[in-house]
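By letter and in written order, the chains are A, B, C, D, E and F; residue numbering begins at 1 in each of them.
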């Protein structure tokens, strides 16, 4: 049997444990980095192989402990989860590279925490069990707390407290919802839940709605949907660059979960429950989009601006997914890929800008002083901004185009207005930021006394460029990607097949 | 099970629970901390001890599942109860909740400082 | 060498006994495993042992325990009556009890016994370890109390922990 | 019994949420702790309330729900307890650090909270 | 109760009565825990509460003829005092590990 | 070949861009090659255009989105491509001498070529989406070009404004294009252009039109979006000459012409386009008169001429289209040369302010001659090209069919256009080259380098040639272009300078005379040089943008104000809403959602006691929360109550775990309290507390109701199967533990990972932290020899118990987690009683590696199953038979549990030891207060 599905979880876990073993002042940074990169490379390879198995359209169920799916925990590989795992791995590789330019030595346990973060992310994407999803959410979150807080001090601690406290509260809500899920539906396996919801007695409809509503609230909170996005800008803006860049995928986990629940549990077979909550989420998304775009406009610093870009992209995705149309789903997934890479790159650029000032609090009206940084960061900012603002010819444009095309006729008015208006606001915000940062003439250099002139670190630049190149590749080689995301959407839209394939998977030697 | 054993068990249960109750009663009834400290730490050890003996005998004689290991609980309680009492008393002293006499000879125990006259007197 | 591998024979024995009682099984496998634990655990426990104190003759132990149990029983009834009676009749007070024993195990055992016996609680050991501060539930005669403790507990303890 | 359990959950949530909405980090931690009790009880209740039938199999007793309660929610609660514990530990340390670094134990890092 | 278990039939009522008595003891301890007034009083009440809980667990085990609660009782006995120690230490020094 | 044509500028842009700033000559040569190669290729393609109507090539890009890389060179595209390349070549030559040493030649030329490529792409696009792509690319590259001198704030502002306006137009275009695609079913230009009727008949046609026109009007600076163009004059002059006269602003009218077959023909189109064109034409030419800046005048004049072209295209008649195309070419030639001349003047005198200029015909006679000729072309004087297209326009204006307002209004506008055009052309010529001056200009003014004049001269020559002999010079090209738009509907027209005395000629003459009168009259009446007419558009725009930014900032600050409490409130409210909504929704039908309170099992005595315990402790915790120590102690009661509830309700494992966790949590809380204030301050705001209380109450009631509703229905879980399969298949009697290590071992796997990470996080946060306690008691650390001695007896026994619980866990309450904590707690007590240093010096485990080992062991145990071809975490079981000792059951689950054990023990100890051994901060020491023991209150153990 193929053990591929477990590898994206297992490899980083072993890598993380091994990192802890070789972590010692005596050893220096090399062994840790070696272990981290070996693990990263292996995970990436596993993710690619996973995508290979999933791209055919089959759903692979990996029965952990060889228990039949309704008794134990099952890992599920379909197009969506494989895509998410691969996206995570690629993004993580760039982030790891960025961190290896020096941050990894300043933050205790960075490499181990980083690997564990991957464990959490990949686990969350792969699991087919809703309680296990919670567990991997927690793995991911606690590793993210570590990455955010390790090596930090001062205001970051406050931002961290907000982030941690809010997420704990949301996780508590998650648990309440899970208790209700088991109490009402009697299963935790998502495929099984799908089947049970499809044959739900009418008497249970109300409590089922409440239960699933709570679940959706949790995922919306993690994905930063109105009014639950308030925690995000500060936390993301305070995180170290490599970490903030990795965090970009974290909101996507919430979105992924919403999508999974929305399609698998609340899809067509759910009868009266089909599409439950989607309208609310759509309105929330429009509001989020507006406020996120306002945030981009009004952001005092580039990192805050980048954080609001995360909000904007999350809202756009929510809109795409709430349309419940195959083409819109596909477009959304393409947009998800694009926004992940590009916004992550934006965080890295923001960090370069911040460092070149040597001052956390300087705002967007202060130009970048160091000529080297101006040039490199300026060019990278241009590429990232063009892409993220949805200007041609980069990936953002294609994502937006695909989304506009996919909107069902009835929804055209509000969706187009929301998307185009927010695009314009984002353009205004980015133009303002870019021209202030890279075009204005900086004050004479010796303003910062004693600070050496900031330079770019090649590794950092390569990491950022890698993400930007990915964005460009996503637009030049868009055809297969668009095809894959379309196919993914098609697979998502037919949950019956998914459920059937999971239920038909028998244990290797146990009785089913 | 013989009648004797049954009576013995009933007596043990009665005595044990009575002492547990007395201990708790003292906790409520007595008027200051150091008096209250006596009730529970003592009555509980004997009370719980009796109940444990009853339990062990019961499980042994009822034949289903003999549990001599329950005696270990008593053993643990006999070791830990003095530690608890000692610590609580020291906590009480540190808050100057009662007068304590001067140490004969030199005053040494720095952790129980002198009680000043104006300290609030906590009585119920 | 022997000390290094068997830091404390009584501890080894009590661990084995403890293990067997807890498992409630006396088959060879359990005995073997109990012995293994008896070998290993004291090694760990020894790392915590801050003060090494000698252990002398254990002959007095049963008698001491009998005394203790009897006192617990009797005093329990006394104290129960006092608790249930009128509170104004209770005259609590502190007593500094002068110690003759200087073995720390002995002092600890004595302090425990005092506490376990109803009506008295050990509250403090003086910094020079020469006095125990005892809180007495109903203090009639301090000297008699001190004498009683010396006679019934401290002297036997001095034999066990010289 | 169900009503009692529900009312206890309700009260714990009430106290937990109220404390969670306070401005001091420690109160917040207390609130989250109370909330996690509520959560644990609720998950536990999803197996329904059964007294005296712990799911530890005994010889000669048929392994059915007639003799044993549903073990699954218990396992879930165990996981939840452990995770909540881990989170609490992190939050406490974070509260300490935030207090030390920002000179206030206000959750927003300054004495005068934004309105 | 099995016929051979309790010739006089007193045992089960005795166990039930004991549980009742111990329950009352728990409530009394609870009163002290909630009422205080001083901090050591509350610590003492919490300590007493856990000891009475051991008694209650043993009685419960007798009541359902199972030793399933042995471990819980053992752990309370072994570690319940931990809370007392830690809290008392905090009262003494405002710092539990020095 | 088409691809090659398009690729040339991009490739060269890249090459030039990579050159170092010092390679100015090489950059210019390379850049110059792009238009040359392009023109050659275009010439080679001409025959194809002539023969087949269009040259085509197509490549797939994203078939899923209908976005193909198809290129299509028809007549219109051919004309525009020629314009883009031809004028582009001259601009490169001009820029070579225009740019000063400080400006980076490679950067400038690279951007210029980028723009050229974008423009070419837009012109050549055979797919509407591709067209939109290149459309936006022109916006971006023009943004970079306008902002080339980005150290100047006017350049930045101008660039930003241009990008925002044209970018917005681009978004509208995208929307319009997607709409067209949805209607037509294809984005291929061939299909779209053939679907005019379909589009016109479609109900969404007005939307399509408005969206496309929004793009056209913004790009071509039509009223009311015209104001960005004058602001863009902050760009270097080659940019203005290229983008703002010849090419980019023509992109809008190009699009209008391009989609003319598909979109024109409706009344809406006619009225909208022609009226906007007419207004723009008047506004532009009127404002042009009052500009003092040479380039400003030219910019407004451009607006006006673009209005003219728009108006012509709006009129829609074939002849008007021809006139529009003709005027596009003419305007490009004279306006580009005028911009270059203005650049030369600026270059030589250092100013473009006409109030300071004058008399330049003496100082730079050649330039003056060229500029005057170009100006006359702009004014529409005979023998110059401007005259011809103006005459055509006048003829069309007079031939309008339609509403009366337009029928009279358009000719009047045309006449005014002629007059105003004459006036500002006159002003340009007179104020610059005649009269007194120049005043206060830098240094000596003389002719520019020869090659700076050459492009101007070539263009003026073209003006003259076309003006004198239109047929031979431009006739063929115009024919091709017209065929590109109109197809076979190209009208018969004659390109000659003399059509006899007719009404248009009279209008021309009247216009010229009126213009002369206007200029000199205006000068006389109110000093033209003192009049400053401010166009309000850009001020309004800037005001709007500023207020947008400011309000955005304000709104963002107000909404995301960094308050955790606000986030939390919203979370609770959202949850309440989600939980309550279904019930509220079903209210009208089934009455209020009242649960069936009669349901339920009877309460036993013990249950009542536990309920009172739980409720009482919870309420008291809430009541005492401001006194933290009290709250923590009372909360211990809550924990105990919950544990006992677990006991009573058949969950011994839970009770054990809860108790142990309780104990450790309490220690952590107390450790933390050492560094936190002892109390919470009183809250001032009563409404706030009431609000929170209400929210909490609703949340509590809601959760309780849901819980009750859940509990009062039939159980539906999978308990039966778990119970049945636990012993035979997982060899464990404690089903909860079997679930933990086997059925749902993966959860436990994640859970210990969480636990281990938590410990790491604590370690990472505290490792280098220096903290001052909030307050300390006086005196040295307390010594507790008696408890220490007694606790030492406890330790080996608890260690034994821990191993016991670990080994028995599979069959009785216990297991790795419980055992791990059972081991950690006595050590914690050692820490408390003996102090951290003394414990750590003797018990120095590397807790981090312990955690790592635990994780690795758990993972490897899971991996072992793979050796047998079974999935991760599949459990195994083996009965080891040993002589003497008997049968020893070995289960892989135990190995997994060992991992759990190590992680839990290591993690707990890591946390405790980190928190217990914090290094004090020297810096913060001063803030630490020393408590006066006498002032502590026994009620709270704190100083009141």
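We take it that a residue touches a chain if its C-beta (ideal position, glycine included) is under 8 Å from a C-beta of that chain, and two chains touch if they have at least 3 such contacts.
Going by UniProt, the chains are A = Monovalent cation/H+ antiporter subunit D; B = Na+/H+ antiporter subunit G; C = Na+/H+ antiporter subunit E; D = Na+/H+ antiporter subunit C; F = Monovalent cation/H+ antiporter subunit A.
This one's a predicted model, so the numbers in the text were calculated from it and none came from an experiment.
Each step here moves to a touching chain, and the least such steps from chain A to chain F number 1. Across the assembly, the mean Cα position most removed from that of chain A is the one of C.
Ranked by distance of CA centroids from chain E, the top chain is F.
Centre-to-centre separation of chain C and chain D, using mean CA positions: 39 Å.
Centres computed as Cα averages put chain B at a distance of 69 Å from chain F. Note: centroid distance chain D to chain E, computed from Cα atoms, is 22 Å.
Rounded to whole angstrom units, the spacing between the C-alpha centres of chain A and chain C is 61. Within chain F, contacts with two or more other chains are made by residues 562-564, 568, 572, 632, 648, 652, 671, 673, 703, 707, 710-711, 715, 717-718, 722, 743-744, 747, 751, 754, 757-758, 761, 765, 782, 786-787, 790, 794, 797, 801, 812-813, 915, 938-939, 941. The set of chain C residues that touch two or more partner chains comprises 18, 22-23, 111-112, 122, 127. The set of chain A residues touching two or more other chains comprises 131, 135, 138, 142, 145, 149, 161-162, 165, 169, 176, 179-180, 182-183. Shown are all chain pairs that touch, namely A-D, A-F, B-C, B-E, B-F, C-F, D-E, D-F, E-F.
In the complex of the two chains, the chain F residues touching chain D come out as 561-565, 568-569, 572, 597, 599-604, 607-608, 611, 614-615, 618-619, 621-622, 625-626, 628, 631-632, 635, 638-639, 642, 645-646, 648-654, 657-658, 661, 664-665, 668-669, 671-673, 675-677, 680-681, 683, 692-693, 695-697, 699-701, 703-705, 707-708, 710-712, 715, 717-720, 722-724, 726-727, 733-736, 738-740, 743-744, 747-748, 751-752, 754-755, 757-759, 761-762, 765-766, 769, 771-772, 811-813, 817, 907, 911, 914-915, 921, 924. By the touch criterion stated above, chain A contacts chain F in their complex at residues 1, 3, 6, 10, 13-14, 16-18, 20-21, 23, 62-67, 70-73, 107-109, 112-113, 116, 119-120, 123, 127, 131-132, 135-136, 138-139, 142-143, 145-146, 149-151, 161-162, 165-166, 169-170, 173, 176, 179-180, 182-187, 204-207, 209-211, 213-214, 216-217, 220-221, 227-231, 233-234, 277, 291, 294-295, 297-300, 308, 330, 386, 391-393, 397-398, 400-402, 404-405, 409, 416, 420, 423-425, 427-429, 431-432, 435, 438-441, 478-479, 482-483, 486, 508-510. Those residues of chain B whose C-beta lies close enough to touch chain C in the complex are 18-19, 22, 25-26, 29-32, 34-35, 37-39, 41-43, 45-46, 66-69, 71-72, 78-79, 81-82, 85-86, 89-90, 92-93, 98-101, 103-104, 108-110, 112. Remark: chain A residues 131, 135, 138, 142, 145, 149, 153-155, 157-158, 160-162, 164-165, 168-169, 171-172, 175-176, 178-180, 182-183 touch chain D in the complex. Across the complex, chain F is touched by residues 33, 76, 79-80, 82-83, 86-87, 90, 94-97, 110-111, 113, 115-116, 118-120, 122 of chain B.
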